[in-house]
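We just call them A, B, C, D and E in the order they show up, numbering each chain from 1.
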Amino acid sequence: MNGLHLWLIPVLPLVGFLLNGLLGHRLPKALVSTIALVFTAAPLLLVLRVYDSFSALSLPYIERHAAWIATPVLHADFAFALDQLTLVMLLVVTGVGFLIHIYSVGYMAHEEGYWRFFAYLNLFMFFMLTLVLAENFLLMFVGWEGVGLASYLLIGFYFKKHSAAKAGMKAFILNRVGDFGFLLALFLLIVHFGTLSFADIAGQIAQHPEWQGGFLTAVALLLVLGATGKSAQIPLYVWLPDAMEGPTPVSALIHAATMVTAGIYMVVRTHAIFDRAPLALMVVAIIGAATAFFAATVGILQTDIKRLLAYSTISQLGYMFLACGAAAYSAAIFHLLTHAFFKALLFLAAGSVIHAIGGEQDMRVMGGLRKHIPVTFWTMTMAVFAISGFPPFSGFFSKDEILAEVFRSPDGGPFLWAVGLVTAGVTSFYMFRLWYLTFFGHLRLQPAHQEGLPVAIDDELLETEHSTNGHHHGAAHHHTHHIHESPSSMLVPLVLLAILSVAGGWIGIPNSLGGGDRFGRFLEPVTHGTGAPPSFEQVSIAMRTGAPIPTAEVPPRPEDPRTERKLAGCSVLAALLGWFLADTLYRRKPELPARIAAHSRALYSLVLNKYWIDEIYGFLIVKPLLILSRYALWGGFDRGLIGGGGHFLAGVAQGSGSILRRIQSGNIRSYAGWLAIGAAAILLLAYFGFGAHLHLGVG
Amino acid sequence: MQLSRILPEVILTLAGILIMLVDPLLTRAASRKPVGWFSVLAMVAAFAASVWQLSLAPGTAYFGVVQTDAFSVFFHLVICGTVLVALLAAIDSVRPETHDMGEFFALILFGTVGMLLMTSAVELLLVFIGLEISSISTYILAGFRKRTGKSPEAALKYFLLGSFATAFFLYGIALTFGATGTTRIAAIAAALPHSSTPILAWIAVGLILIGLGFKVSAAPFHVWTPDVYEGAPSPVVGLMSTAPKAAAFAVLLRIFYGAYPAIQQHWWSLFWILAAVSMTLGNLAALRQQSVKRMLAYSSIAHAGYLLVAFTSFSPAGIAAAAFYALCYVAMNVGIFAIISHVGGYDDQLWSITDYRGLAYRSPVLGGAMAFFLLSLIGIPFTGGFFAKFYVFSAALQSGMFALAIIGLVNSGIACFYYLRLLTALYAKPAEGSPVLAVPRMSLTLGLAILLSASATLLLGVIPRTSLDLAQRGASAFFSTVAVEKPAPAATPVLKGQ
Amino acid sequence: MYLVIFFIFGTFCIAGALNLLLQRHPINSALSLIVVMTSLAVLYLLLGAEFLAAAQVIVYSGAIMVLFTFVIMLLNAGEEERTRGSRAAYIVGFPGAAALLGLLTYIFLSLRAPLGNAQLGGGTLVTTHDLSRVLFRDLLLPFEVTSVLILIAILGAVVLARRES
Amino acid sequence: MVVPIAYYLVLSAILFSIGVAAFLIKRNIITVFMAIELMLNAVNLTFVAFAHRWHQVSGQIFVFFVMVVAAAEAAVGLAIIIAVFRTRNTLNVDQVNLMKL
Amino acid sequence: MTSIDHNILTWILLLPALGAVVTALLPNRGKLVQSWALIIALATFVLTLHLPTHFDYNHPGFQFEINRIWIASPPIRYHLGVDGLSVWLLVLTGFLAPIGVLASWRAIDTRVKEFYSLFLLQQTAMLGVFLALDLMVYYAFWELSLVPMAILIATFGRDHGSRASSRAAIKFFLYTFIPSALFLVGILALYARTGTFDYVEMKARLTQGTVFGSEAMWLISLSFLVAFAVKVPVFPLHGWLGDVFSEAPTAMAMVVAGKLGLYSLIRFHLGLFPFESHRVAHWMILLAALGILYGALVALVQNDLKRLLAFGTVSSLSFCTLGIYTFALNGLDGAVFHILSESITGGALLVLFGVMYERYGTYEIERYGGLAARVPRLATVFLLSTLALIGLPILNGFVGEFLTLSSGFAVSHLWGSLGTIGVILSAAYMLWMVQRVFYGPESPLVHRSPARDLATREHLALWPMAILMVLMGVFSPYWIRVIDHGVHALSNTPAVTHNAAAAALVHGRPPVREGE
């Protein structure tokens, strides 16, 4: 057991980061990529080794190293924990991470700052693995913030562009809003538990069945705030679409497969708290459902291929949130897993497309690419089918499980299920839209597109969106660019991921479909409840009557294979409907979208402008804050009151000085006058002598 | 040997007479610097004689007219040291073509005799005569720069107002005499409790305070100070803002603590008010001054106020604090005026704060020394000014003068504003062609003067022990020769009403 | 009788002083001052201070006032013009002087009894012997020191009055 | 036939106050100086009166010294006045105000 | 105790003072003065390192003590000593000095001797503040520390002695001196009652509780508090900091804020007035929380790099205030730790500003842009410092922020939460600044100027700080262990004061002092 050395898993990428970060600018590109790959592959191998010996371990396996923050009353160590959940996450992070590293070697080959890119990527791996392996909240927070930092650096990789730098900043600050919640949750935990160790906290909760709601709800809600930041949920999701300013592998790795799922991971990891906070679970479910639907609708009209995928990611993360809200933690993680495969694939494939046509990201100028880049086309097709939820692709199983769990959940119920179902249809629609626009029809890329876009929609919007393109490969040979398939270093990961996207779901085929839900059972030790999540009625009755809240062990949810099969049928139907619509609008009747747009102008522009959420945030929060700071605080208070107050006092002193100076008229006679009056005053004082009054001092 | 009790005075008198005898024999063109050096020597001798006096047993001489004790020796040393520095600063600063150089030095020596007598006299008549000697010599010195209109005007103002105040002082002595029938300090103290007309003594202390308050330029009797400082030659200002004040403070201590302890209730409130008014008025009025000398005049008013704070605490600690403050004050003030008389020039070519901009660029030593003195005037630790303030306010607080201490320390906060204006000006970049760049090189004597005063100021701030011990000895000598009962108010705790 | 003489010369004093105040020509003022001084000499006599009375006439009226008159003549001082130099002198000075007078008068009159009375030739006559014993023995040092004072005065007068070449 | 000593004192107080007032009023420097002399004389009267009260010679001697001092002051004072007159050509105190504030 | 242990504190104090004197006497040749100052600063630093390495954890109270009579009456003692509270602050002061010298190496080119002489004097004064255990000696150093600072600001300010520099110097001096004057009244009043200036003795006598009426004690404690709070500065007493930061030379701005005031708050306000400081704690926490927000918000809209950092510093230092007045062990540990990390991080940023100023001659954010591509190494260090300042975990800023905020939150959920908003805002103002200065297209100014990345000397100045940022972030227990030794007794965790005060805290009433 001594030989596990979990610490090596995060530290190896860190070494890679240090090597590339400190020396990379002097090394040849080949060496840089070798270093990066070696230090990503090594943790993967370690994880595989762990996987290999996993069944022999007593779980959770905890490895403690030095104390990190230690006062006599608070201890947080560099401690790593390994359990089933961790293992899944480790496999995802290192596996997908390694593939994306390989992909990047090809994708970034011609970029300036090659070494920097790989250094950051390794840094990200370090933090992500720390986050996953952390044994306590504080160390998790290290990873939590660290991945944010890596994300910041990578989004702003093309920092010479204002938009990229701004997007990085936006991501970091919005994540900080989430971290604010996370920190407060930590503080509350310290107050109530005196420790930040997951195991200790879960243990204490288990020992106190009377703890229900109350501060646990507060903690849970604050954690949710943190999760919404990292996992791009309402209300903090706005950074993710902008994050597409980063290089595409980054989008795939960080903003699709791994980092953004940290919120879900965290909720699952701390589900002991959430289980006792039904209100918080409810909130999670609602946020998840709302985000899933909302983001999906925005996805309908996106024209930038990466942005579309970004909204798709938000939407899919919403699903995972929804699952968490329904206390279906293993379903959430299952979807996390499959989503990591197919969404990474989608991004990488999209990157391959962009790569192929010379840096263009606007789908409206693409088309008919399937013949030019067949491998990309086919792998992407796998992904599209997976995300749309067609059996037997991976996405089907995970999404289906979520919907079934939501339907079954006492608080979720049919309504949230319905939302999920509609979202599934919408997802299918926009994914096939992407598919058709990109790969079918005719290539619309032509010199003309610089002056006016072929599909004339909102020009103003396009301007802003469009300013993002053309950075990778140089705009010089933009339109004469030869459309070509990507190098094998990029294709290999695509193929591997495609296989995973297809087959990745098979590990979790539910009972109802004859699979036995191996994945769910594997995670069972981690996700099992620490106490029944009582229903709202139970809690409210208990709160009114003061009676103890009933806490039985989690009763196994009634499984109803028939209903589940019906539900699965519904979701497949929804996906088919979406495909059909997309087929109609973008293949068979391509003139229809414009007509529909013209028809319902208001709704159209509302969705097109992403419900103006960015603008609303700017107008309601950012602007007022800046105005408050600039005019009220800085101009008014600091310079006016504090500075002016100082000036005022100085003025009073100087003014009275000036008056006193008037005594000094220069005239001897008036001086004698002052002497005389002074003498008289002194003599009167001496005669009447009221010394005792002065003696009292201030007391 | 009664002469030993007045040895320093005798030495200085003889030296002064010698100068007067020799001076006419020198040709008009001959440099008077040797005369200056001679007077420096005489002053050193007087200083040494004072130190020697320390070995004498305390006692009186000439039928109880003078008394040598630690107190008088302390002030002897203060005065002799100060005049020594002032002389050194004057040797090169007074314009060489002035033909009255011989008289100049003689007057300083004679004036010093007066001051020394003031500190050791225990007979009011001798105090009065000493005061007059020092005053008259200062009147004359103030008018020494006859070519400009300002100097004689300064002399006139000083003279007329000074005589005016002297009349009050004299009236006070007369009433004291009326109340007790004597003018011997110890006898007054003895007779006062039995006086049938103590009211006369109440008024007498007021009148005496007016006269001496004028000399130490305490508000509201300060009015002459700014004008006279501005008009008088800077070397003279350096002298008259220090030594005579120290002497006057010594007299104040001697008279009030020696002769009038019995009616302390009637005079300590006067000091309270004088102190508060002086500090506040001096500092506030200094804020807007442009002229360096006038600013320092107001500053000296404020410093008189700080010093008077010590008078309110009726304790040996208070006397020691006052004596120590006087010492520190003269050390730094004589130093800063030594610099001003060199930099400003005999005719005050540089007079405003703006003119001093960049002095530290021209001469780091002069600028640094001036900055150091300013810091001491502010009361920064490790300078004499700090410990002086510290002892004074400590004594005041120990006697429960909470309000006065707060007034004083807030004042010292206000004061840094104008000191800093000058200080930062010193270190600012000078304007092109600024006259400050033409300040001549420092001469040996000036360097010596600055060195003496600066090292004194520094030592007082770092190891105040020796001088403080002497001051405390003086104070306790005082309290033992004059048996004083501790008055009632001081014994009550600070904060009543708790 | 004594009282009458006192009042007569007291009135002379005050009248002379007021005249000094009111006369606009310095010479007139100087002459008024001489009147005051001489009257004071008489009062000194009444108080039994013969030596002082003589000295008053000789030193003050004789020497000092002559000096004054000399300077007035030397500088050819004319009538003073009524310039308006200072309001403070009137606004704060006069109340001050008045308060001074009022306070002192009040105190002295209230102390009439304990202060006692002056009798013509009352007490022992001060002999020259007494005087010289005090002057040359008890107050020997002040007496000697006075010489320094006078020396300074001479020195000062010379320095100040000398024209700078 | 007696005169209360208080009367002498009141007389001296009156003279002293007149001296103060004269100092305040008079414009001619020499007259102002005379006012000071008047004040000194008033003080002298006090001294003599008290010397009478206490039968003390020292009071009288004091007066004698005051006279000497007054003489010395007069010499110096008049010299100063001459010096002022030389530079300013005036004897009016109101015009001797080069320095102020 | 070896003989070194007996005299080490005197040597620490004396070395820079002697160095200052010698500096003034050195000939003005080449880089002689700079080198000498560097040697002295380094030597002092090495001496200070002796303290933590020989620190005795089992010895309660002060260590390496020296206690001799300086002045017999009034009894002022040359009493020096260190405990866990001061030990790292001393090392920090020693550490920043060589960096200050390096940062001034080229920036100060006229009147070098004066600069380094005063610089070393300042060093002495600051070390003295941390060492002194006699209130008068402490006060002396406290005041002394103002002087070199004011002169250096006036003389070596942004435009070498412009009027703005003078004004800033005067403002700084007045702001700190006037409260210090009242502070002196407080000390003297304490002395008048207790008859001692010795910290340890006075503490013992004050806790007996019979010395003063509670009102008087309250007033005296306020005089202490205000003097320290201005020096920190605690919002809203920060009026001087902006001007001083923007005018002062780098080496001075690095040390002007924070540590002296905060140390004094802990040592003297909490130490001498346990009850009174509890009484005022709520207000201080409120001010701290407001300060965090206010400083950050105002920093957001600054156009001048140094002013931005000034307000950032106000915000950052408020974390310390917050931690101190929670009286929780976490809070105190965190506060002291945060003093250290803030000084290092802020110092690094100031050095970087100085480096940028040397190259581009301006602190105006608007005139920069796209710097990262031109001077990548500078940008790297800058980014690292920025991240440390905004409290990224495993960098030094986080530990202090976390500990102070968590204990602040425990005391008051509302103000603790408000303070925590600071982590959002600090990211906002710093990253926005970084974005404007380093990212985006190159500004005309940057484009015109030659690209000079960090020189060796600048590397030498910056990397030690950068490495420390990481080390302190990762191995914080090494520091906190010592700190804890010093602040343990001040916290609420054990029985902090006499029982009456403790009971009063529970019931929210002031205790009845004996002798009223």
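Keep in mind that, in the parts below, a residue touches a chain if its C-beta (ideal position, glycine included) is under 8 Å from a C-beta of that chain, and two chains touch if they have at least 3 such contacts.
Because the structure is a prediction, the values reported are computed rather than measured.
Engineer: According to the touch definition, list the chains common to the neighbour sets of chain A and chain B.
Structural biologist: For chain A paired with chain B, the chains in contact with each are C, D, E, in label order.
Engineer: Identify the chains adjacent to both chain B and chain E in the sense defined at the top.
Structural biologist: A
Engineer: With a step meaning a move to a chain it touches, how many steps does the shortest path from chain C to chain E take?
Structural biologist: 2
Engineer: From the C-alpha centres, identify the chain that is farthest from chain E.
Structural biologist: It is C.
Engineer: What are the two chains with the most C-beta pairs touching?
Structural biologist: So the pair of chains linked by the most contacts is C-D.
Engineer: Can you name the chain whose C-alpha mean lies closest to the mean of all the C-alpha atoms?
Structural biologist: Centre-most chain by C-alpha means: E.
Engineer: So which chain is the furthest away from chain A, centre to centre on CA atoms?
Structural biologist: When every chain centre is compared against chain A, the largest gap points to C.
Engineer: Please report how many Å separate the Cα centroid of chain A from that of chain C, as a whole number.
Structural biologist: Centre-to-centre distance between chain A and chain C: 101 Å.
Engineer: Please tell me the distance, in whole Å, between the geometric centres of chain D and chain E computed from their C-alpha atoms.
Structural biologist: That gives a centre separation of 64 Å.
Engineer: So how far apart, in whole Å, are chain B and chain C when each is placed at the average of its C-alpha atoms?
Structural biologist: Comparing mean C-alpha positions, chain C is 30 Å from chain B.
Engineer: In angstrom, rounded to a whole number, how far apart do the mean CA points of chain C and chain D lie?
Structural biologist: Once rounded, the distance between the two centres reads 6 Å.
Engineer: Spell out, as numbers or ranges, the residues of chain A touching 2 or more other chains.
Structural biologist: Within chain A, the residues that touch at least two other chains are 661, 663-669, 672-679, 681, 683, 687, 698-699.
Engineer: If I count partner chains per residue in chain E, which residues reach a count of at least 2?
Structural biologist: Within chain E, the residues that touch at least two other chains are 213, 215-216.
Engineer: For chain C, jot down the residues that touch at least 2 other chains.
Structural biologist: 85-86, 89-90, 93-94, 96-97, 100, 103-104, 107, 111, 115, 138-139, 142, 146, 149, 152-153, 156, 158-160
Engineer: Just spell out which pairs of chains touch, all of them.
Structural biologist: A-B, A-C, A-D, A-E, B-C, B-D, B-E, C-D
Engineer: Give the list of chain E residues in touch with chain A in this complex.
Structural biologist: Residue list for chain E touching chain A: 171, 213, 215-216, 219, 236, 238-239, 242, 294, 297-298, 300-302, 328-330, 333-334, 370, 372-373, 376, 387, 392-394, 398-399, 402-403, 405-406, 409-410, 416-417, 420-421, 423-424, 427-428, 431-432, 435, 438-441, 474-477, 480-481, 484, 488, 493.
Engineer: Would you mind writing out the residues of chain E in touch with chain B in their complex?
Structural biologist: 70-74, 111, 113-114, 136, 139-144, 146-147, 150-151, 154-155, 160-163, 165-166, 169-170, 173-174, 177-178, 180-182, 184-185, 188-189, 191-193, 212-216, 516
Engineer: Which residues, counting only chain A, touch chain C once they are in their complex?
Structural biologist: Checking each residue of chain A against chain C gives 663, 665, 667, 669-670, 672-681, 683-684, 687.
Engineer: Going by the contact rule at the top, pick out the chain B residues touching chain A in the complex.
Structural biologist: 156-157, 160-161, 164-165, 168, 199, 202-203, 205-207, 209-210, 213-214, 219-221, 223-224, 226-227, 265-270, 272-274, 281, 283-289, 400-404, 406, 414, 417, 489, 492, 494-498
Engineer: For the complex, which residues does chain D have touching chain A?
Structural biologist: Of all residues in chain D, those touching chain A are 20, 23-25, 32, 93-94, 96-101.
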